[in-house]
Every structure is written in structure tokens, then in C-alpha cells.
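I've put the structures underneath this note.
One chain, chain A, links the two complexes that follow: it is found with chain B in the first and with chain C in the second.
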Partner chain A sequence: MHVVADTFSPQLHLVTPLISGLADGAAYGLFGLGLVLLYKSNRIFNFAQGEFATVAAIVAFLFDRGVGWVPKVPYFIAITFGVLAAVLVAMATERLVIRPLFHRPRVVLVVATVGVALFLVGVEGLLPYPQTASLRTISDALGVRSYLTQVDGVVVLDQDVAKLIVLAVLAVLAFLFFRYTHTGTAILAVSQDATAARVVGISVERVSMATWAIAGFLGGVAGVLLAVPPSGSVTPGAFTGLTLVVAFSAAVLGGMTSLPGAFVGGILIGLINAFANADHSFVPGLNSLPTSQAEVAVALVLLLVLLVRPRGLLGREA
Partner chain B sequence: MAAQTEVLAGFDHAHRPARVSMRGWLIRGLALLPVLALVFVLPAQSDDWTNDAIYAAIFAMVGLSMNVLVGYTGQISLGQQAFLGIGALTAANVVNTGTNAPDPFTFAIGIVAGVLVSAGAAAVLGAIALRIRGLYLALVTLVFGSVTADAIFTISSLNGQDAGVPAYRPTSLQGNFAFYVFALAMVAICIYVDVWIRRSKVGRGLIALRDNELVASAFGINVLGYKLLGFVVSGAMAGLAGGVYAFWSQEFSDKNFTSSAGFSLALIFVVMAVVGGLGSRAGVIAAASFFALIDPLFTGFAHHTGWLNWYTDHKAYIQNLVGAVLLLQTVIFNPGGLGQVLRPFTRWFSGKPFSLHDAGDAAGAALGGGDSVRA
Partner chain C sequence: MTAALLEVEDLRAGYGSVPVLQGVSFSVAEGETAVMFGLNGAGKSTTVNTIAGLLKTWGGQVRFDGSPLTGLSTTEIVKRGISLSPEGRRVFPQLSVRTNLELGSWTRRSVQKEQMAKVFSYFPRLEERVDQLAGTLSGGEQQMLAIGRALMSKPRLLLIDEASLGLSPKLTQTVFQVVDQINDDGTTVVIVEQNVGVLPYADQALVMQKGTITFDGRGSDLHETGDLRAAYLG
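Coming up: the complex of A and B.
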């Protein structure tokens, strides 16, 4: 489908990047949600978020396929197990790594999450399973056709639509959670002043555990939705290496403290990425750009946001 | 935020002036022999070992560059591999003599050019990073690392396409051991710069900044200038390491620095700096050498125990696991890192009073304090 056109064609230069940008953006947004949640509550960047997703994808894959001694279960139960596994890993991370470091400077916690990510990649890599395989898509599991519609010869995949819907629903739910529930308010209270929160009777430990469980849930959902063909896989470290950096940019663009911002930032970065990577040959002089223009574009956006408006599009003060 | 309470410096047991007798120095000299044997005799045993030892020397330089940046200025860097790559790319391209060995002068120009270009890149990154506060800097360096890798290292006229840019050594450094001695000399330069920074006004200024920026600037310390200097020195050291790297592997290949290879290098550099104990030269050098030698060590071990095939298949993952476990145990249980463990020994060697229970002043302080690194 990659036709080089020297004149402008709406299909090649608008529709294709728009659709792939929205799909990728949904992925960045899903990761961004978890990153924003943990930044909002713990004031840290969680570098292990990508591996929470991979853990979910691997566990879901094992149960869906029935690899080794793992029993084969129906698809939707398998992905539930996957998400549960991610929640458990996130809770273990909180209990074993984050809580002992709770009163240390934030940068120590960030370094520790890098350690958790490395640890999870290592463990995943030593498990005996087909590491280049990928999870089934939802439409595959339901036995329906894999695309919703075709626009101008460009296919809109069911899975991409599902990603977008799930992302939007989760962003709104998380926003409502922080605005209207006791637990949500308690998480914010702890993030602002742990001691004061304790004084008014909030269990800092329980709140921290709840936050990480939710982050694990968000990561797990991202994992089971993204580790599907054509581009996703259950390879150890794949999400950390390829998606996480861009997801951070998305979260910063949206405002690290705003959950709807993660949604908006994710979609925007996805679109910027896709349009920067699209065929520019109809613009004279632009067709000789290096292949990495998308990364450069994302990096420039990140720098611009940090220099001009550090709180992002929808965030409060950074 | 060193947890040390100094009431009266003059009465502090650990800091009273010490005098070491001639015999004392002699004993210290003898005790140094095993260390010297480890550095000079062991790598001379086989060509492969020398090769691995050069790699360890390169890592030691990168470790020292991390030490200056993270240990003294308190700025975290997740993009240090970019400076290594820039140094290697520049050195290889400047010296590019095809298949002929360069003369020593061209070689020296290449190494120096690598250092300068790397320092320049660090100055640019530093100028941007200084405007960004707190943890966001980690993200900026991360993105800087991956973007430089993908944007600059993939330019085909600079990276020699698939073949890479050849970087042959001058004839006098052709042999691995000669090159190893050269690499050690470069490490010595880095150590000297590190010592100079730590002892000079600059170093005291940097550490004051790290511990409390507001107080330091109230005392008249030039915040922007000193931080930028920290960035530039760190970038220059990594660039020097890059130059040595290019001539060690005898080529520059972008594949060593782009995408996942570059990302895992960046992570290893952070891990080794933290495990080594930021602010501690001896600790950082020891940890860097360990992480550089982890593959040959494990390969040898697996070879003798019959796990070689399994190890070769899972190499990267096992190394991840080892690094992660060391990192987590360091940040949770032993914030001073290896440096804190080695500290009584290094103090004894330099003839200073020491205590086996000394918490250390610089060790661990980098990750223990500093408003600049707090969000």
C-alpha cells in the first residue's frame, strides 16, 4: 500500500496516517493513563509500566494457547487472568520495592522502577514459551471479520476501535474516580502530604497499594489489547523498548497530572508520529528526510512542551 | 542529605589528621600488589582477556562520566550511551583512513575530536536540561539518547552504511595489550579530572548545588554555569570513552547504539552507576568493570558447568536479571552502593583515618539528597 505519489493524494497523505495515528495513539494513551496515575499519586515516572503490560499479555497468551502445563481456557477468561497477573505484579512491586523507599527522594523511586522493569524483562525472557508469538485479537476470538469498515481502501481494524473505546472509557472512569470517590480523593491527599493524610485517618499504605493495583490493571488492559497482530507480540521488553518512551511524551504533552490529558496527549502524539512518518514526497525537498523523522518530531514536541508549558495541555501545575 | 551529624568537625573521630609512617606506606604498597596484578597481569594472560579488559576500561570511563553528572550534579541521565556513540562516530570519521593504519597524530586528533564534539552535544543538552526541573530531566535525557541514536547515527554518509566506519589503530597500538595500556591511560585522565572536580571549588560548588540549590545560590554559586560545566565534563568523558570504543572494536557501527541495543546500554550505565555508589570513584569503577565483564565471566562459568547453550540463548535476560537484582538491593538495602563497602579500604590506602562503620560523606548522598532531583 506504500505508493510513492508525487502529487497529493488524500488516501495516502491524510486517511492512512489518520487511521494508523489514531490506533497508535490509543496505545500510547493506554500506557499514558497508568503513567499519569502513578505520577499523580506518587510523583514518580514508572518505567515498569510497559512490563506490567507484557506480563498481562504473556499470561493471557499462555492461558489462551494452553502452553505447557497451563490449562487452555476461553479467550475472555484468559485475558482476565492476564490482567489479574499484571495487578498482582504491580501490588508486589509496591509492597517489595516502593514501600521500603517511600520516604526517599523521588529519583530513587524512578531508578527502582527501572530496576523492576529490568527484572521483569529478565524473568519473562527465561520462561519457556514462543516469545515472538502474539495474542489473538478480540475479533479473532469471537470469530467475526477483523475489520469494521474500509475507508478509501484503508482498513479500520476492530481491534483498533476497541483500543480507542477502552481508552476513552478508562480515561473517563479514572477521571470520575479521582473526582468523586473516597479512595480517589484519598490517593490525591496522600500525594500532596502523606503525613497530613495520615493525621486525618487515611491509611497511606492501603492507598499506595490501591494506586499500584489500579496502575497494574491499566497496564494489563493495555497489554492484552496491544500484544496482537500485525505489530504487537508477547516478546519480553517489547513494550518498554518501543512504546514506553513515546507514551511518556504523550503523558507529558497531555499534562502529567491529567487523566483525560493522557487520552488527548496519546492521540495527538500518535497522529504527530503517523503524519511525520507518512509519505511526504508530494512536498518538494521533504522526501529526502532521514527515516527517524517521527522520533525527532515526538522529541521536539516533548521539548517544546517542557520548555513552554511544563504542565502540559490539560494538567495543573507540573 | 548525608545522615551524618557533625557537631564539631575538630572533634570528629573520622576526620582527625593522621600520620602514616614509612612502614605504613610500604604495607599499603604491598597490599596494592594484588590490585595491580588484577589490572595488569591477569589481562595479559590471553588476547581475549585483554580484549575484555579494554571493554572494562571503556565502561570505567563511562562510569566516571556518570559519576560526575549524577554523583556530583545530582542530574539523572538515561541517555549517556548517546555521548559514547557521538564520540565513537566522530573519532572513526575523523580518522577514517580506509584499511591503512593511521599515523599517531591523526589518531590523537580523532580521539580529541570525539571528546570535543561529545562535549558540545552535552553542552546543548545541558542548556536545554537546565531549564527543565526535577524528574522531567530523566525523560529529556532518555528522549535525547534515543533520538540522537536514531537521527544522527543512521545518517548513511556518517555511519558507513551496513559495513560501518573502519577505525584502525595506529601501528604502535596495534596489539591488544598496547591498546589496553592506552585505554588505562585514558581512564587515568578521567580519574584525574574526577579528582580535580571533586577537590576544586567547582566540585564543592556542584555538591552544594546538588544538596540545596537555593542555599547554594544564596552563597553566590553560579547555578547555571556550574551545572552546565558538570554536563560538559561528563559528556567529554563519555566521548573519550566513545573514541576508545571505536578503536577497540576497530569500527563504528550504528547498530551498537540504536534502538534496543542503545536503550539497554543506557540502562546498564544507570545501573552500574547506582550499584557502584554515586559519588564514589572506586565503587563506580569496580561496578562498571563488573558489568563490562559480566558476559565473559558468565560465559566461562556456563562453559565449565555445561550450561553454555542455555546461557547463550538467554544471555541478555540473565544479564538483565543480575543487573536488576543488584540495582534493587542497592537502592533498598545499601544506598551507598559498592563505594560504601570499599570506602574503608580506599581511605586506608590513601593514608586517611577510616572506620568500618563510616557512613561516608559523598557515598549515597547523590541519590539521598538534592532539591534539584526532587520533583
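Coming up: the complex of A and C.
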């Protein structure tokens, strides 16, 4: 690839896609963490993960605005309620859907999570609230300016920085959790051999419940961070469409068995998306690409990684 | 005579709707080593798995130290002092030897340090490989780890399912000798075996055929009565 130096704009071709790519990537990574966690422990792709995020966003919105009979509470309490709602929904999913089907083939459980997602989208649609609205951003809630700084004329939004910080903190916490806590070790043990885990006295049911609660928490955090302007909303099913598909790609790219992999995969997918969507007219031959070039680029990188390293960048057999 | 630590009475169990145990009865005295022989499919593993709580009891009763175990969870059974080294070893392959052992004391963390030292005294090889992933150990080392992990909860009764499966004759003898030492140190042992080389270490021998106990006596009597030949040759 030959870059024509005199037409290359660092602001347009480097800084803008870098910042937007990191921010979007953080969002995909947040989703990816929850997906990887459940894959590690239950060996299933959880198609309801997006709805854990949507539930959190809607509940946070209802409490933040005080819609209908729901009391208006301070912003940070509202988003805490939102995340708690996601945790409760995840725990209910485990108890009412996953546990009764646990000894069935994995494909049955995967389809069951699709059913949970569709059910939740339906319930959300029945709720009387302005469904195209968005949650307030953190800067709105705090009454401060919406951007942290500018880099070469490109604004760095508070919300994007918050996403990156939260993702990094959660990834580190997840790593420490699995490395140093009894419950984390028990989740790993159950994921490797549930019968052996029973043999040593681990309650597989309790571990499964804990795992889904954590996945609900991760989904909830993602929901309250992403359902904000300019592109986020609290629409029913908001995070079960494209966001979940891209998050699956991020998790597979990083390695479905690796929590740091979800982080890395999310950031990479975000960056690939952003750079592929950037203006390429300065590169000879690349000025007439279709608008879906980002999806094609992500798919190509994903295929390449899966061909060369089927377990993903950081994944391993587990 | 020493009191029975384990009493199994008319035990019935199976998989799905297929019955395997057709009324198994035996008891094991505290401090002894009992060996259970029988062909594949005779019900040996089903028996120890049911005692350990991995399978539901369809009928009959298991009593441990006089208290019934029927209906208890595996967690509660391990807490009461029964530990299983399962068939096929079933170590956690992507966790280190140390973590595998630590998980063995999941229900009794207070004895973890003491038992870890004891396991390393029985199996020094495990201490050498303490930070290695369990899945990278040899078959013999994995067997040592499975037995070691079962000892981590400081059980009063140790159930070992197929201790010698896939091991060389020399390694098999080593494992049997360690099991004998574990028994000498006060742990009651029930071993499911196909290898008659374990007989010299056994106080009690049991033979299973088609889901029932067909011989229950001293190990030395087994050769004389011909039950062992019957168990394997029909």
C-alpha cells in the first residue's frame, strides 16, 4: 500500500478513526467479556447477553427520568438499579431456563438463550416509556462539558473515556477474580469438568448461578454505558442486533476462552471498523470501496485469524 | 471386631431408566481396605459413584458412621468425610497441580496446608510438578494427583475407582503401596479394581456380578473359593 504523503491528513486518517475505534472497541469488549465468561463456564454462546444490557439501560432510564410510577432517583443510583436489574434477569435466566436444560446438548441451551432474548425484547416492547430515547451521558449527569480534551481538533468524549476505563478495570478485575478467588477457581473447575467439580464438593448449581450473575453484571454495565447519545438508545432489543454480532466476532477473534482476549478482540474489531470506514481516497485504488467495507474488513480479519489460529488470538483449549 | 464405617444395604441405582445395581449389600470396617472386583459392567463404578452422591439412590440405603447418606448432595457427603478418586482420573487439565489439590479441600479449607504436606509426602513427584498444568502430567502422575486431590479433604473413607487403569505394572505397584500407606495412616479405603495384584494389600475382598455382590470375605479366601475366577471367567 502506497500512502500519498501530501494528501494524508493525520487528523482525518489517524486520530479520528483511532479515537472512535478505541471507544467502539471498548463497547464490543464489554460485551465480549460477558460472552466469554459464559462460554468458559457453560460452553454456550449466550444470545441473551445483549438483552441484559438493554434491560439495564431501560431500568436506568426509567429511574433516571422517573417515568410513570417509577420514582426519579439520582443518576448514579438509577444506573446502579439498571445494573442490578440485569443481574436479576441473568440469575432468573439461569434458574428458570439454563438449569433445567443443563444436561441437554449445548445447542439446546444456545437456542434457549435466543428464546430468552426474544422474550425480553417482547416484554420491553410492552413497557410504556419513550422507546427511542437515550440515557443521559455521565457528563450530562454531572453537569460538566461532554468532552475531556481535543486531539488534533478531534474531541475525546467523556463517555468514550469512561467506556475504556471501565473495560480496562473490568478486564483486570475479571483476571484477578479468576486467578485469586475461590469462586473464580470454582468456575474454571466447573468449566473444565463439572463431574470432577462435584467430586471435590463444589456445588455446580451455585457456581452456575454466580457465573450468570457476573455475566448479567457485565452486560448491565455495558448497557448503561452505551445507551447514550449520539448513537445509543433504550429501544427494546437495542443491543441484540448488530452490537451482539460484532461482540461475538470480538470474542472469537480474541479467543472464546480468554477474558483478556475479549478485551483485545473488542479493541481490535473497533479499530478495524473505524480505520476501514475512514476516508481512503489518499490511497491509490482504495477510493471507490463500498460503504460496507468495515464489515468486510472485520470478516476478513476474523477469517484469517481463525484459519491461522482457530482458538483466537489469546484463546487456548480449556 | 471394629465397627463398620460404611454400610451399604440393598442398594439399587442405575442410569436413566436402566437399572445397574440390583440390591448391593456390604459393609466396610473402619481402618480396613476393601477391594471390589468384577467385570466391566458389573456395577463397581456405579456402586462407588452412588456412595459418593454422583448418582441418585433408587432404593436401599448407604450409612456412613451410622448416619444415612441417602439424598445428601455430593458437597455434604464430602463434608461428612467421604472422598472419591474417580474413574479416568478426571483432573482439571488446564489448572495447575497446586490448584487441583487446593480444590480437593474445597469443603475443608482449614486442613488444606496439612493435607497438602501429607499428599506431597505420599507423592513427592507431585511436589516437583506443583506449578505444572495437570493436563500435561503423565497418566501415572495424573492418577497420583487424583488420589492426592481426594485426600485433600482429609477423608475418613477414600473411594478409588480403577487405580491401576492404564498404568505400567511397576507404577501400579507404587500406587498400591501408597494406598496401603494411606490406609496404615488411618484412612479407610475402598478400591474398585480389575488388577488382582492389589489383593495382598486388601483386608476385605468383594466380587460383583450383574449388579450384586457375589463374594464378601477376606482377601486370602478369594483364591481358595474360586469366586475370583468365576467373576472374570463366568
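Methods note: the second predicted complex is superposed on the first by the 311 of 318 C-alpha atoms of A that agree within 3 Å, B and C clash if a C-alpha of one lies under 4 Å from a C-alpha of the other, contacts with A are read in each partner's own complex, and residues count from 1 in each chain.
Following the convention adopted for this analysis, a residue touches a chain if its C-beta (ideal position, glycine included) is under 8 Å from a C-beta of that chain, and two chains touch if they have at least 3 such contacts.
Small disclaimer: the values here were computed from a predicted structure and weren't measured.
When the two complexes are overlaid on their common chain A, residue A:Val111 makes contact with chain B while staying clear of chain C. Of the two partner chains placed by superposition, only chain C is touched by A:Ile202; chain B is not. By the touch criterion stated above, A:Val308 is placed in contact with neither chain B nor chain C.
A count of residues in chain A touched by chain B and by chain C gives the higher number to B. In the superposed model, A:Thr185 lies in contact with chain C only, and not with chain B. On chain A, the surface patch touched by chain B in one complex and by chain C in the other comprises residues 318.
Of all the residues in chain A, the ones that touch chain B in their complex are 43-45, 97, 100-101, 104-108, 110-112, 114-119, 121-126, 236-237, 241, 245, 248-249, 252, 290-292, 295-296, 298-299, 302-303, 306-307, 310, 318. On chain B, the positions that touch chain A within their shared complex are 1, 76, 128, 131-136, 138-140, 142-144, 146-147, 150-151, 154-155, 259-260, 263, 267, 270-271, 274, 314, 316-325, 327-328, 331-332, 335, 367-370, 373-375. For chain A in complex with chain C, the touching residues are 182, 185-186, 188-189, 192-193, 195-203, 316-318. Across the complex, chain A is touched by residues 52-54, 73-75, 77-79, 84, 86, 90-95, 99, 102-104, 106-107, 149-150, 152-153 of chain C.
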